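Before we start, here is the structure in question, set down as structure tokens.
As written, the chain order gives the labels A, B and C, with residue 1 at the start of each chain.
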Amino acid sequence: MTAPPTTANAATTEAGHSSVEERLDRMESRWALRDLVSNYCHGVDKHDIDLFMSIWHDDAVWRIGPPFGDFHGAAEVRRALVDVIWPAWRETHHWTTNLTLTFDGTDAADGVCDVNCNGATPDDVMQVVSATYTDRFERRAGRWAIARRDVVIHYFSAVPGVDLAPPAE
Amino acid sequence: MTAPPTTANAATTEAGHSSVEERLDRMESRWALRDLVSNYCHGVDKHDIDLFMSIWHDDAVWRIGPPFGDFHGAAEVRRALVDVIWPAWRETHHWTTNLTLTFDGTDAADGVCDVNCNGATPDDVMQVVSATYTDRFERRAGRWAIARRDVVIHYFSAVPGVDLAPPAE
Amino acid sequence: MTAPPTTANAATTEAGHSSVEERLDRMESRWALRDLVSNYCHGVDKHDIDLFMSIWHDDAVWRIGPPFGDFHGAAEVRRALVDVIWPAWRETHHWTTNLTLTFDGTDAADGVCDVNCNGATPDDVMQVVSATYTDRFERRAGRWAIARRDVVIHYFSAVPGVDLAPPAE
């Protein structure tokens, strides 16, 4: 049985031959990468374009695939959110879990996480989406950001008969 | 483009001018704050009042807003769970994700996280809830706890035709 | 009010009397244990048997209970996934959250986390599952893995009328 790279275990691979500085930096990087993944959701769902753009490198690639397409560079990434994603939804709620990270030196890492997304389209139909994000993270000039996010959508389906609405005041 | 405070990146802001002790303490604090957010869910869903009360400071404020109200101080917070929330539900399942933390010195932090909650009301109707929690965490006498939790409920909706039930024995 | 063990707060319990090495090791262990919990989901959902098997000790026990049963040792655990779980589902999507850890020395820990699982059975009916995993993690020869996972399924229910499908190309 050959274990794939994602089975790497933080405690066995990082403690052995690293300095205190390296070990602190690795864990601080883990927190920074979690923040990127979380802020993707906060940026999209809360319509915070500045927060959303802060997670990407200038030359980032965002490959959503069907039905939305692929986007290259910060300008296209921004346009994708503002002109494509937001108009396609009345509201979205992304919940990201299961993030695992495989480091490639001190300034790059590959990540895999899963997202459960509930939302509603502009015609008020509840939608449920399941997807996996495969990310390339890079630290440039001391700043971690996403260099590439590949999206695989497992399902994207309507839930008839549910009226998503906040509680009455 | 002005980045909001929540874009702060752990690796860039914390490593530069901090001692090993400060960096360890910051990350241990991050774990402690994650535990508070998780134990809110465990306490509510598993009807563990002691665990639930352990996450709050004595003067904590829990602002749920409609339809449940706002609660000030540990006694009211306890009453809200026991006399308001629990009777309103037959069962709840809170899944918290996307936690981001912005520290304000060493002993206070602001947090934002999202929750997906499925459950059933006492009349056996499945409900789905999406909400965002904005938290003020404070460390007092060495103990991190929640000083204030503000809840924004995005939707709170019935899902007709689903009978939530465990598998048959 | 007596706080249960799971209320233990990382920042108050770990910083006081521990060396830098012990504190680094504890946090690296936390990341390793998160990876185990995440890789369970990735292994099951992405049909990656090697990744899935990498999270268990050879003598691991996986107590799912009804409707699937209990499994003892790596060979049974593998068989349970390949011969029981995978055939029972057309697709699964596990999202684990709320992980809390209580350490028992440096090489063992108890964990509690919750999972929200959406999927479809082979007859194309959407199913929603809520469960809690109670885990015993042990580090043996420097490798953290699961020694025992107990599953409590809160509900396992069909959602009529939803056709889980990816977007059209």
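FYI, a residue touches a chain if its C-beta (ideal position, glycine included) is under 8 Å from a C-beta of that chain, and two chains touch if they have at least 3 such contacts.
Model, not experiment: these values are computed from the prediction.
If you sketch which chains touch which, every chain touches every other chain without exception.
Comparing the contact residues of chain B and chain C by number shows a mostly separate set, under half of all numbers used being common to the two copies. Averaging C-alpha coordinates per chain places the centre of chain B 21 Å away from that of chain C.
The set of chain B residues that touch two or more partner chains comprises 20, 24, 27, 95, 97, 116, 159, 161. Per the touch definition, chain A reaches chain B in the complex via residues 20, 24-25, 27-29, 31-32, 35, 38-39, 41-42, 45-46, 48, 50-51, 53-55, 91, 93-97, 116, 118, 126, 139, 142-144, 159, 161-169. Those residues of chain A that touch chain C in the complex are listed here as 1-4, 6-12, 14-15, 20, 23-24, 27, 30, 66-67, 95, 97-100, 112, 114, 116, 128, 130, 132, 153-161.
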